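Quick one: the structure is below, questions incoming.
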Amino acid sequence: MSETRTISYRDAVREAIRDAMARDPRVFLMGEDVGKYGGCYAVSKGLLDEFGEERIRDTPLSEAAFAGAGIGAALNGMRPIVEIMTVNFSLLALDQIVNNAATIPHMSGGQFAIPLVIRMATGGGRQVAAQHSHSLEGWYAHVPGLKVLAPATIEDARGMLWTALEDPNPVVIFEHVMLYNMEGPLAADAGAVDITKAALRRPGTDVSLITYGGSLPKTLAAAERLAGQGVSAEVVDLRCLRPLDTETIVASVAKTHRAVIVDEGWKTGSLAAEISARLMENAFYELDAPVSRVCSAEVPIPYPKHLEDAALPSVDAICRAVTAMVAVR
Amino acid sequence: MTATADKPHLTRAHLLELLRGMVRIRRFEEKCAELYTQEKIRGFLHLYIGEEAIAVGAMQALAPQDAVIATYREHGHALARGIAPGPLMAEMYGKLEGCCRGRGGSMHVFDRVARFYGGNAIVGGGLPLAVGFALADRMAGRANVTACFFGEGAVAEGEFHESMNLAALWKLPVLFVCENNLYAMGTALARSESQTDIALKARSYGMPADTVDGMNVVDVEAVTRAAVAEIRAGHGPRFLECKTYRFRAHSMFDAQLYRDKAEIEQWMTHDPIEALQTWMRLNGFLHDGDLDAVETAVAEEVETAVAFAEAGTWEPVEQLESFVVMDRVPQ
Amino acid sequence: MPSLGADMEAGTLVEWLKRPGDAVRRGDIVAVVETQKGAIEIEVFEDGVLDRLLVEPGMKVPVGTPLALIVKPGEVPAAAPAAPQPTLSPAPVAPSPAAPEPEPIQAAGPRLKISPAAAARAASLGVDPRRLRGTGAGGAITLRDVDAAPAPAPAAPPTVAAPVSAAQAMRSAIAAAMVKSKREIPHYYLATTIDMAKAAAWLDEANRARPVTERLLMGVLLLKAVAGALKEMPEFNGYWMDGAFTPGPGIHVGWAISLRTGGLVTPAIHDVETKSIDDTMAALRDLVKRARSGGLRSSELTDGTMTVTSLGDQGAEAVHGIIYPPQVALVGFGKLVQRPWAVDGKVVVRPVIQATLAADHRASDGHRGGLFLTAIERRLQEPQSL
Amino acid sequence: MNQDQIKAAIVESLLSVAPEVDPEKIDPGKDLREQCDLDSMDFLNFVIGIHHSLGVDIPEVDYPSFISLEKAAAYVERTLAVR
């Protein structure tokens, strides 16, 4: 084991951008307030001074235009990183991402690839109400032609970007807003990581807790609490939301025979629904209980703290779901 | 004829080339309409007939390393840019030998060699791409131009305005060519725009803009050459509004309830092909037999293209899912 | 072609027993059909005249295909359907005869609430899930319930909650296994009487120094002696399956425990020959305790490689047991008794025990069986080495 | 520890090896092994249970003192008193 240092998720993302910019002159960062302001979440703070205005490119509030420009630039030889402030704003760029980025390689019969990375913040928990708090990554994960990542650890925040930039496909990376301040150890020589496999974050035998992104810390906390109650919960971090690593999910459930999916998206038509369906298709005869889901309440995320807390998946809700499934005797 | 000069050289050979370019589009598309009724071509088929002067004139000004981005009414641009009629027709058939292996069809023509990037069927969706292409060229220090064709319907889209702003703000080498044929599908310009002077909209972003008779291929070529020269010299984007008219319906399944027959007949007296012929004849550029020679040559090209498409094969269903996720960036 | 079972998809017409023009009555046998389960006679459920045969002998047709037309009295024959098509004609033969297979017990009841994993495991263990009580959410039967269930063979920790049905279930399971054993296994029996003086003395001595929690019972010496003999003669340790002997994966000795609520179980102690005598004792104590309280796992009940039954001090002097299939041997011990015994030409009183062997003659012969009992006896004369 | 507590502990140990037994129906003066059909292993577990719950050590020679509930209670009481 090499030496480690303590670093925040935010700083890890920044290091990843800096590293990519240094490695490849085709890489540039483009988005609203990424330069002078330093990034809405201060991810790109300091990079403008380091790399200049050409490569740390502030854009007007034109999500469609700069997302599309990222696609065009990728088609024309660059390796752009497009930052969209939040997934809610990305809906203004949905046409470009879904109708162009995801289709052109296929529509052109494989003549072109779009090596583009789009980063965006997602998720609730900061009392910024219903137009800044949603988790729509499941929508993107629905679309063939895109790859969708959700780094939930410091290591993945540091390592996923470069792998995504090396990928010939458009990759959308979702950074949960509540993770930016998370601090943790990172190997001094940390670098690119795989972006195809889910990761086992905690082994267990009684139930598989399948989650990703901002729900991972909550899920790990729930697993710890459950351990005190004699329930051994396994935690699977999806990491890659499209394509889903069905193999790892199924292997875990084949071991524990029970699954609770924790997904900050709404339940209806969600990633959690997709995972549940895959378990039916691939692990039906392994299941010892119906699959259970802990998702956001089916409401636009409200502003008051107590209501927002009630709307989002919580450690309590996860424990309740598991207890209902495991502890009925 | 060199393509990079900022003025057209009106030689007999060049004029014949322009004529042949327009006739090729006209006859090719007439054949497409026929094949559509025979169910050889399916889906949507949007014909460019009547607007040929714009694609043929504008393409004269572009160099091979430049990029072209067009709309779903792009057969004319594809042919004018040099995509061979055979692979283009095979694409309309949905055959493996099509320029996109048949996956795109009429509305989605792409070609790597021609640097032809669609075939974009979301109105306004191609403009941000053009901005990105130009941005990449600028950042990489390449003196290329990206030509982006769109109809006046796109002017109402947010993506149009965002792209105008971004291109002008960053002084990117984009040529925006608005083909104003007066109808966004069935909605007349005056029924959808508070300000119908489209060039004025571009100027409001600080972008130099010209309006040109889109039925006059020589005028289009001349104006485009001047604009491209400015762009290539690093003076930022330029905007062309080409006034034109489509002689055919919006697509094959269109009763044209939204416009008068008289209006169509009036515009057909400005047929760009006839206009060029008349002008050439008046000025002694069109000799006896020239027209027949052009028509014969084009007819043979179209016939060969249809035969090529007919002889094409269907992509095996096993390959359905290829090119959804790419394993490399094609070089 | 009538459906003669849920799993029948098609049948081959073997022969017609009636000819066109013959009168038929409800219940008549009109044809013979070959199915994957053998030849089955086809009866009709109408009165009438056999008008036309639609399927020739030798033809294989899907279930539902009309085989023949029967015209009811006074009826005009309808146009025959193009034969053979699986469509219904005016009077198809035998639309739905009684199923030849016995119906499942709860076929008509509500669907069993059992998790897919539990259903799969129950099927693999041969456990009938309809006899289980579910403890999962909503009363669903879960893996835990299947694992805690009575094994299909003689086995079952009875629960106080449902003693009658559990005891009945066990009784029928024991009956099935024992009948199968007696029907299929050619048993041979051998017996020998073993002097237990040394073993008893060693046990007294050993226990005197031990706290109550570490004390040994005679049973564990017997168990260890058998395990040692099995290691020496592995042909008594394993299974007779598919016409051949398969050695056991280890020496997993099933220990017969009679349940006071009726029936018996034979949970296995794993790898007895490699366990120390103390570990074996601990395992045995744990097993008996769990057998009493209903805490045995079904896997323990099914993976023994041979069985020992010891009647203990309340029992009879000898037991001639029935082998638990597919095992090939069972060793029985009677109760320890004081008997006159000749030592060096003098009669003395000694504690003795009768050891019996029931063995499968397909897997071993009497001579080897005798050597096996001798091996057990020899070990019991050296209790310190057990 | 009083007599009742001792008896309760002894009965509890008995129930752990013979859960089907109804303690009300046991004759405290009669042989437990006959009444409850205990084999030697059950008996050993019974004695070990008393050892665990009441903390008395029981030499093998004293097993006959546990033949009935009454005798067992008296034995435990005596042993505890001596301590």
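The first chain written gets the first letter, and so on, giving A, B, C and D; residue counts start at 1 in each chain.
Keep this in mind: contacts are C-beta pairs under 8 Å (C-beta built on N, C-alpha and C of every residue); 3 or more make two chains touch, one makes a residue touch a chain.
These figures come from a predicted structure and were not determined experimentally.
Student: Chains in contact with chain C and with chain D: which ones?
Tutor: Chains in contact with chain C as well as chain D: not a single one.
Student: Which chain is most remote from chain B in terms of Cα centres?
Tutor: D
Student: Using CA atom averages as chain centres, what separation in Å is found between chain A and chain B?
Tutor: Averaging C-alpha atoms per chain gives centres 40 Å apart.
Student: Where the CA atoms of chain B average out and where those of chain D average out, how many Å apart are those spots?
Tutor: 101
Student: Suppose each chain is reduced to the average of its Cα coordinates; what separation in Å results between chain B and chain C?
Tutor: Roughly 80 Å, centre to centre.
Student: In whole angstrom, what separates the CA-based centres of chain A and chain D?
Tutor: 64
Student: Show me, using the given definition of touch, all chain pairs that touch one another.
Tutor: Contacting pairs: A-B, A-C, C-D.
Student: Please output the residues of chain C touching chain D within their complex, sorted ascending.
Tutor: Per the stated touch rule, the residues are 158, 160, 163, 204, 207-208, 211-213, 215, 217-219, 258, 260-261, 284-285, 288-289, 292-294, 312-314.
Student: Where on chain D is chain C touching in the complex?
Tutor: Interface residues on chain D, with respect to chain C: 16-20, 33, 36-37, 39-42, 44-45, 47-48, 51-52, 57-60.
Student: Provide the residue numbers of chain A that touch chain B in the complex, in ascending order.
Tutor: So the residues of chain A in touch with chain B come to 28, 54-55, 59-60, 62, 64-78, 80, 92, 95-96, 99-100, 104-113, 115, 144-145, 147, 168-169, 243.
Student: Spell out the part of chain C that touches chain A in their complex, as residue ranges.
Tutor: Residues 115-120, 135-137, 140, 142-143.
Student: Please name which positions on chain B make contact with chain A in the complex.
Tutor: Checking each residue of chain B against chain A gives 67, 98-104, 108, 110-112, 117-120, 122, 125, 127-137, 139-140, 146, 158-159, 162-163, 165-166, 169, 322-330.
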